[in-house]
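Every chain is named by a letter (A, B, C, D, E and F) in the order it is written, and numbering of its residues begins at 1.
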Amino acid sequence: MTRIDGRQAQEMRPITIDTDYLKHPEGSVLITVGETKVICTASIEERVPPFMRNSGKGWIAAEYSMLPRATEQRNIREAAKGKLSGRTMEIQRLIGRSLRSVVDLTKIGERTIWIDCDVIQADGGTRTASITGAFVAMTMAVKQYTELKKIKSWPVTDFLAAVSVGVDPEQTELLDLCYKEDAAALVDMNIVMTGKGEFVELQGTGEEASYSRAQLNRMLDLGEKGMQELFDLQRELLGTAADEIMNAKEAE
Amino acid sequence: MTRIDGRQAQEMRPITIDTDYLKHPEGSVLITVGETKVICTASIEERVPPFMRNSGKGWIAAEYSMLPRATEQRNIREAAKGKLSGRTMEIQRLIGRSLRSVVDLTKIGERTIWIDCDVIQADGGTRTASITGAFVAMTMAVKQYTELKKIKSWPVTDFLAAVSVGVDPEQTELLDLCYKEDAAALVDMNIVMTGKGEFVELQGTGEEASYSRAQLNRMLDLGEKGMQELFDLQRELLGTAADEIMNAKEAE
Amino acid sequence: MTRIDGRQAQEMRPITIDTDYLKHPEGSVLITVGETKVICTASIEERVPPFMRNSGKGWIAAEYSMLPRATEQRNIREAAKGKLSGRTMEIQRLIGRSLRSVVDLTKIGERTIWIDCDVIQADGGTRTASITGAFVAMTMAVKQYTELKKIKSWPVTDFLAAVSVGVDPEQTELLDLCYKEDAAALVDMNIVMTGKGEFVELQGTGEEASYSRAQLNRMLDLGEKGMQELFDLQRELLGTAADEIMNAKEAE
Amino acid sequence: MTRIDGRQAQEMRPITIDTDYLKHPEGSVLITVGETKVICTASIEERVPPFMRNSGKGWIAAEYSMLPRATEQRNIREAAKGKLSGRTMEIQRLIGRSLRSVVDLTKIGERTIWIDCDVIQADGGTRTASITGAFVAMTMAVKQYTELKKIKSWPVTDFLAAVSVGVDPEQTELLDLCYKEDAAALVDMNIVMTGKGEFVELQGTGEEASYSRAQLNRMLDLGEKGMQELFDLQRELLGTAADEIMNAKEAE
Amino acid sequence: MTRIDGRQAQEMRPITIDTDYLKHPEGSVLITVGETKVICTASIEERVPPFMRNSGKGWIAAEYSMLPRATEQRNIREAAKGKLSGRTMEIQRLIGRSLRSVVDLTKIGERTIWIDCDVIQADGGTRTASITGAFVAMTMAVKQYTELKKIKSWPVTDFLAAVSVGVDPEQTELLDLCYKEDAAALVDMNIVMTGKGEFVELQGTGEEASYSRAQLNRMLDLGEKGMQELFDLQRELLGTAADEIMNAKEAE
Amino acid sequence: MTRIDGRQAQEMRPITIDTDYLKHPEGSVLITVGETKVICTASIEERVPPFMRNSGKGWIAAEYSMLPRATEQRNIREAAKGKLSGRTMEIQRLIGRSLRSVVDLTKIGERTIWIDCDVIQADGGTRTASITGAFVAMTMAVKQYTELKKIKSWPVTDFLAAVSVGVDPEQTELLDLCYKEDAAALVDMNIVMTGKGEFVELQGTGEEASYSRAQLNRMLDLGEKGMQELFDLQRELLGTAADEIMNAKEAE
């Protein structure tokens, strides 16, 4: 079977990550997954939210947004509506939680790493691209602070990436769905995984449908496969920071 | 190993569902799972949201809230804060999406079934109790409308229930976590399943931790086990409506 | 004349108050007046609002809400609308002000007693039931804190209860109106009274009508009569706390 | 006993009402009661709120606000805070309800009369001054529309005015409290009355105090006395419109 | 050419400023420009906004509002809408920025001067009238604080006034536009100027039109002419405070 | 005198405009002015806002936003704060008003052209870059609709660009200020001009300072000079659309 865009079921879209994309942030990338483009930045602030004060630990907070015309139809800005949608909140919480799972918060000190994921162009998989890109931006910001001796001990304990899988209307499992596939899918699942191959998040939704445990297993197989490609790219881009992560993993 | 409240790892808490709990709603229950108590109501409105108008289909929308003192510490009301938290939005979306997966929306006509889940007392598992209870309230409301001939053809296609599973700090998988277990858990997973044993939702989060595929499989085994107890109770309470559901399943 | 529900004009509906209704709050009751059901909780917080800081005095704050389907038609949640209605604000202010009139705030120390009144089912008289029930919940919370020696000296100076009276379209004065009577009434009056028979609040509204001083007097007579029944029930439920209140009254 | 400002207990402050105060509104007055000054305007809009559509009836809606520096300390604007206070909502509802009680809404047609009461300077009694002034502004707007034949049949059925009474710390009942008296009062009561001497609203609050039925009666006596002065002034200012009201009352 | 209201193109409307208009504020005026009436008050608060704390400097903040029926059609209150319009924000920022340009903020100490401009009646030029009136109210407040020795050294360094100019549909430049002229104008320009004849703000907008540099120059000539009338009136009203300003200018 | 970044006083920063920058919008560019980068998109919607309905005319609406880390310090998102700042509203209104001045709204039919300007990186002059870039995006969207015959007659009547000028602390007039120059400037002026050299907007602010008419004239001279560079670039990029504009200008 060939997909809408000519791919095989188990094939990822082309992916690139441009690092140091912006001038001001401590870390920033433009991640491109097929036609999906997301600017991910990491900003380090010298204080933590009230609920973390005097804990000796840092925090990682994430925000996510789309440009109004990232999509085929123009969306009303959430700033204009005066509130965030449930979808945005879900995604923000997911990104922050995922990144926190691979960072030793005691090692970053009482600082907040703000992650901003702004979707410039959307074609499916914006939340998984955000996580994969944000990990790189965050790690580069951490690297800068480590080199400046503001962070004393390397805090990133593993790689982290995300990918979507799903089931199409013909009951075929697909890897890395583009927007049209996602809109038609019976099941939509996002997988966030660490470099050592463990799950951080697994969110699988039957869209007015349900799925069997056998289907779940086939989707997880696809996801694990796609993940390798993402980790290879991250390792290559991060250079010496990747070595620090490998050391941190071994030390565990 | 014995748990905080004396249960075995694979043991559910006692569960009861009081039907026809309130006077006004078309369907209403009080569901009690251990110390967790949720009032679930189903209200049928003779119109649909703007995005569904003239579609010939109905809609199911869910709202979730906690009384301020449902918890050990009093929470500030979301009405007083003027906005819903991300957590509330996530839960509301989950409940609505889950219920819609077992209802043929074309058969309910251009109506909205409003599901309200109000947590009176919280001790872990409020979202899964909400889904399990809301399914009963919704089915009883549908039954009333079917008997009144307002709904012509039975629309509920399967049973639906939810349960939580997790991994405790000693790496043991647990079924149906109470609040203290949930707060300490390394992994927290919510499973929503249909009567025929398929997943509608699977949401598993490593809380500043990650989990292997083997652990995932053991958690899913526990979840499937717990689910049977819930379906047995639903079937018993729903009486002739349960028969309608069984017929609908066979007819598929 | 017999009323909609078979009562006499000067007859109250059956009233019950279940104490220790919930697990977490310092005080909690479920008050049932006819078909009206309200959960009233009292939560003690170890700080006061900014405007009371360093005053050496405590504060009592009240919040009121209805479940969306407490009423015949489903209401939109105020949390979803993002703001409280004028009606809700009026009622919250009334409950708080009423309770503060029978508590010596200097004796509770720099603490806030949060009163939450959540209407589970509404059939008229929800604000008066809230006051009558909240007084019991508050007194039980105070009793607990007094026994724990956190509060050194008994602060509740009198009993407090509330009831509605009105004038029906045939110009008959009625005691304790149910919803249908309230909707049709020419005059609607809420009376909040102390155990020694003095007014704390009197709010009488001609609903697109007006009323004479003679009618006012007949309504007040009815209200005073109904109040006795409420004070008898409160006294019985409060046990030794009722004795403390009686002593406090005498000491004045 | 002489009061703060040299008045007797049963003495009103000097009161003036400047009519046709502004150029644009259908009716407008500046009412001055002692040092309290309120601009009251009546604006007629050719439509009704959604809940009144196709009822054949009109509506009267009131809004109330204070300039930030109407008071001794500057208040933050409600527009800047983004929400109305409970106090403002209570007062707005009170003004609207009061005016509606003396207008036959079927006679004004499907129109809304918007009442705006803006307090320019506050020294106690702003809500009662608002009602007394708004009645004049509203009646003049109605008169204009009646003369223009837009309103066919005279709709105002009686005069309407309001005054405050209270109990001072020495247990003396006072008429028409200024701000300092109000701040110190044990009891604060607002009375809204029709020209024929009936109550439309009675709101009496013990401010951390309570009051006996005897005190209530003495306050009502004071209020009835003060009311005559207000009705005399309204009658004089309204000229032929006052005659229409008198005719309407007789016709009842 | 004669204008709508009989004026010549280079003629201002009659202008009056009533000082000490209200009882509570440190400074207050009612400024009347033709049919436009604005209450301007200045309130001094003994603290500064967070971003100015510990700077040793004061701040001047301005707020602007219209009564709902200041205009021909009633406007919905911004407090009722829950947010300020873009127009209001622009005007508030303009007033504050303009006043700050003629005050030495280090000399007023860590205080905020709150300027409130409330339009009672609008007929064009409300923002320029607000600035011209607010300067007088502010200077009188400053004078009071200087006399009380709370402000040690005179901080107002020059006079400040504002006027509008424009281009009408026949390409004639006009001074001080009334509402009807403003609504029809091709160009609308607001000029804020100091007593020594320099610009503080210049905001010229082609309303779906554009204007040449020659037209700009003719408008600026008109504006400079009108400004003299405003400064003469300010000087006369401010008495000894005007002398202080003259001294401050010379001392520069 | 040489500037911070080595430029002469009358020298613009390098400027580039990448067209067709995004996949979905009808028109889109990335405009780069020195280090300032803005994505400008034009989206055409087949309806107009309520106040324009049935007018036979179209509308142009603009929105402006900055990514949180477009600036040196991270800014809180306006979507998270729940409201737009006064600065954002001012800029949005300015962009929309400016573009409408060079478009014949009757010729675009009952459509809205939504202009979105999202600042990716900020280094001064973001609002002027937004206008210059948005004009190109809008014209390309119009060109597409004209070629599709959805728009029948060419509606863009002239070129439109914007630039900032100012006065530095040494009283030198500067063209096209970068952020550091802007922050230190005594006067900050934004000029929006049409291709035929007329002003659409002129907004000049003395930042706690004032400026003479001679200074104004020197700033306008600089602005006119810089504008030529912008129009040359626009003409080159727009190709045949530029010819349409030239024809439309001649036809006037």
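Just so it is clear, contacts are C-beta pairs under 8 Å (C-beta built on N, C-alpha and C of every residue); 3 or more make two chains touch, one makes a residue touch a chain.
For each chain, UniProt lists the protein as follows: A, B, C, D, E, F = Ribonuclease PH.
Keep in mind it's a predicted model, so treat the numbers as computed, not measured.
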Set of chains whose contacts include both chain C and chain B: none
Count the smallest number of chain-to-chain hops linking chain E with chain F, moving only between touching chains. 1
Between C-D, A-F or E-F, which repeats the contact pattern of B-C in over half of its pairs? A-F
Approximate Å spacing (C-alpha centroids) for the pair chain D, chain F: 52
Once you find the CA centre of chain B and the CA centre of chain E, what distance in Å lies between them? 61
Cα centroid separation between chain D and chain E, in whole Å? 34
Out of chain C, which residues touch more than one other chain, so two or more? 82-84
Name the ring's chains in order, please, starting from chain D and stepping to chain E first. D, E, F, A, B, C
Spell out the part of chain E that touches chain D in their complex, as residue ranges. 22-25, 28, 35, 39, 41, 43, 45, 63, 65, 67-72, 74, 77-80, 82-84, 88, 114, 116, 118, 120-121, 123
Write out the stretch or stretches of chain E touching chain F in their complex. 83-86, 89-90, 92-93, 97, 100-101, 189, 193-194, 196-206, 208-213, 216, 220
